[in-house]
Amino acid sequence: MDAVEIESPADPDLAEPVLVEGLPGVGHVGKLAAEHLLEEFETEVVRRVYSEHFPPQVTVEDGRTTLASAAVHAVRDAERDLLVLTGDHQAADGPGNYRLTEAFLDVADAFDVDRVVAMGGVPTGELVDEPDVVGAATADAFLEELEGVGVRFRDDEPAGGIVGISGLLLGLGERRGFEAACLMGETSGYLVDPQSARVVLEALQESLGFEVGYDALSDRAEEMQEVVERIQQMEQGAQPPSDEDLRYIG
Amino acid sequence: MDAVEIESPADPDLAEPVLVEGLPGVGHVGKLAAEHLLEEFETEVVRRVYSEHFPPQVTVEDGRTTLASAAVHAVRDAERDLLVLTGDHQAADGPGNYRLTEAFLDVADAFDVDRVVAMGGVPTGELVDEPDVVGAATADAFLEELEGVGVRFRDDEPAGGIVGISGLLLGLGERRGFEAACLMGETSGYLVDPQSARVVLEALQESLGFEVGYDALSDRAEEMQEVVERIQQMEQGAQPPSDEDLRYIG
Amino acid sequence: MDAVEIESPADPDLAEPVLVEGLPGVGHVGKLAAEHLLEEFETEVVRRVYSEHFPPQVTVEDGRTTLASAAVHAVRDAERDLLVLTGDHQAADGPGNYRLTEAFLDVADAFDVDRVVAMGGVPTGELVDEPDVVGAATADAFLEELEGVGVRFRDDEPAGGIVGISGLLLGLGERRGFEAACLMGETSGYLVDPQSARVVLEALQESLGFEVGYDALSDRAEEMQEVVERIQQMEQGAQPPSDEDLRYIG
Amino acid sequence: MDAVEIESPADPDLAEPVLVEGLPGVGHVGKLAAEHLLEEFETEVVRRVYSEHFPPQVTVEDGRTTLASAAVHAVRDAERDLLVLTGDHQAADGPGNYRLTEAFLDVADAFDVDRVVAMGGVPTGELVDEPDVVGAATADAFLEELEGVGVRFRDDEPAGGIVGISGLLLGLGERRGFEAACLMGETSGYLVDPQSARVVLEALQESLGFEVGYDALSDRAEEMQEVVERIQQMEQGAQPPSDEDLRYIG
């Protein structure tokens, strides 16, 4: 296997698709948002990316194994075509993050993408009732457009920059001529956060003009809310949470 | 030396051999099982694999040194020919696990292998009296066949996937057209576990149709049982275990 | 992207420029010193260096992202032309430090540099009122010249050698025929230290003969002095420092 | 710079030299032994090896810097010519240890070496009054020869094998046709141990037939003995050791 290998299970014609990335990260916000898109729309896997820079492992579901990989899914029933990139892993090393990001941008090039949106969370260190969406972009035009749909661009946030493939999609993307932005939902940083994923998707939806329901995310957000309440009760001396509760904690 | 180097001390004709892997891992289950096969059958080393991805070290036995390596042994007196892969190390880095696994699959290709069985342990976090064998496979046919000999395939196990060369033999093996499965004996995760190795071998035996005795493994399992009992006594306030006892603790 | 990539936004004619490096390190002394030069002089970015050996991240300022990189700035209004190298990161791995340093020396070669000065801090473990500048050099002539402007060369300092790109600019620089020295301001090692940066710059100034004001660094040094005093009060039982204070702590 | 670079400052004719390695390790035994040879004999540096696998740093002595490297010194006034390999560092990563060892064996090849002796310490976990020299070898003939000069070859020692460049000189050396052995002085593992270095050299001396004095090592051993006594007193409630004392603790 080469350091990075790209398989092409399908090669549909897409009209100026936007590459939308949601890999694991803070609060699993980006991954939850990407997976919600995959649940709500008809999709097709167009590329699968394998790499020795992913952790050396397979996942197991119902006894069947899947090699660590990332997948790019085509979504054609939104107003504008999307390419949704998700998977179970960031790269396990720094140079791997660079090499995988270049591979994802190669996929974007192959589909004539000119816009890339990375999705993720920005940790606030405390529970957030009504999370904002904080943005960062490679170009002022894109930044202003996103400001128009309520995304906040702040002097000093995110303080530590944007790390991993989300960050490099902007950094390397800009060098290769893509317009790129990152939408980051505020989130505590301690829990899987479907509510934060929802506000990120709402901003994306308004920016790209697609229609999507949020029932599934709302249900998961309510479940998490119950977990949070039980933890808060526990801190005040009540029963410890059951394993069932903790299953939701990322 | 290249990143991975394969030596070929012998090149026997084998009839549709199955590649059976047992490298160090949880409870040393896979390695114990592989070594038991090497003790019970007549074997011949057919390939030796060296790599800068193994730890930079030699082992010493009776003053003689051996460079870190993995070996593939041909077993021809079982009903079906086997290639047993074992050694003292996994790769020391992630990309190394990918590269070594590709090398092992190259060896499998050279002997016209079409089936690969990885052996290992699945940690339960507590002592297990009658360990099950949990399975994972790349293909439904192989999965059903193994279910037929008592291997359990569960929705949610192993929770963290299968890590290291065992996992990649399935993940990369599937991409290269092998049918592959992993047999994992339940084990506490705290101790070297010959009992778990035995149940894995029993499942393998029933699947492949070879005949093997288990006296040596039973003896080691009994020794471990004594160690466990002494530890339990110790926890209840008795004497600490002697160095002799602790020699068995992995 | 190659492992290291060099962009050339400008290619001015410079007269025997000196390469002056100030990347992040102990007390941020080198970086503060380099940034002070960039604030005080007219400068132009002549090279930008990107690498997969930098951390996989972008920084964000006012919502706009910048890929991890180092930049070489031409300074032409000093008595002698300077090339000032700075950035937000050392390499994230050992070989990366070697490869990036070679790239920086390639830039130096392209501009016919023959002298390289690395700037940094040497940790003393305690607060220093009047920091010395400790030096190290590749050649006796350069060493004696710097001794003439008050730089101290000591038998046994810095005890651990010079680590990272500063060290390699001397080590690899010497192998490639550059005369190189490192100027290290004494600093506690616990705090960002503008005062230490100032004494390093004063030594550099006297060595190279440029004129520069220190108002900005003095202001920052006074701010840090206040932080230090508050910490000292705090240790004696007074109020904890506010977040505002801690903003200055590196 | 390539991953490993070899400079050749001299190329003397040597008669069947033995390569003797002493790099930093347990108790600094190997390095102390190698340095003692360099102090006692007339030597000449014949090769200097630089590598991005060494730590990214320079050492500083009297203000002059030296890039991390290893050096091979020719010793011609012993009965048999020696090539003494020493330096301040092992490789900083596993593959680096393999690549550097191959480079050292390339040097050995260039001088028609057929025997390699690695020197080091084997940790006992407690202070040793009269350390044995424990050995390991690639070939029975060499092993028996060393047994003849008092080197102990034990079933189960060293338990963890031999790690780093010493181990690989045997492991990779054997693959390339060298006869190689490792001489390991018993040592606590907690302190720099000149006494252990002396017994290793005495075994080497008897094996190779050279003559060397041990005054310098004896002096250092006595200093260490005083340090040990002070520590023992300290443990029994006496004064803590001064910084001067601790200077000797590795």
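Worth a mention:
A, B, C and D label the chains in the order they appear, each numbered from 1.
Everything that follows uses one rule, which is that a residue touches a chain if its C-beta (ideal position, glycine included) is under 8 Å from a C-beta of that chain, and two chains touch if they have at least 3 such contacts.
Note that this is a predicted model, so its numbers are computed, not measured.
When the partners of subunit C are compared with those of subunit D, no chain appears in both lists. Residues touching across the subunit A-subunit B interface largely differ between the two copies, under half of the numbers being common to both. Rotating subunit A by 90 degrees superposes its CA atoms on those of subunit C, with the angle stated to the nearest 5.
Rounded to whole angstrom units, the spacing between the C-alpha centres of subunit A and subunit B is 37. Between the Cα centres of subunit B and subunit C there is a gap of 52 Å.
Of all residues in subunit C, none touches two or more other chains. Contact between chains, using the touch rule, shows up for A-B, A-C, B-D, C-D.
For subunit D in complex with subunit C, the touching residues are 1, 3, 50, 52-68, 92-93. Contact residues of subunit D toward subunit B in the complex are 91, 94-95, 97-99, 101-102, 135-138, 140, 143, 153-155, 157-158, 160-165, 167-168, 170-172, 174-175, 180, 182.
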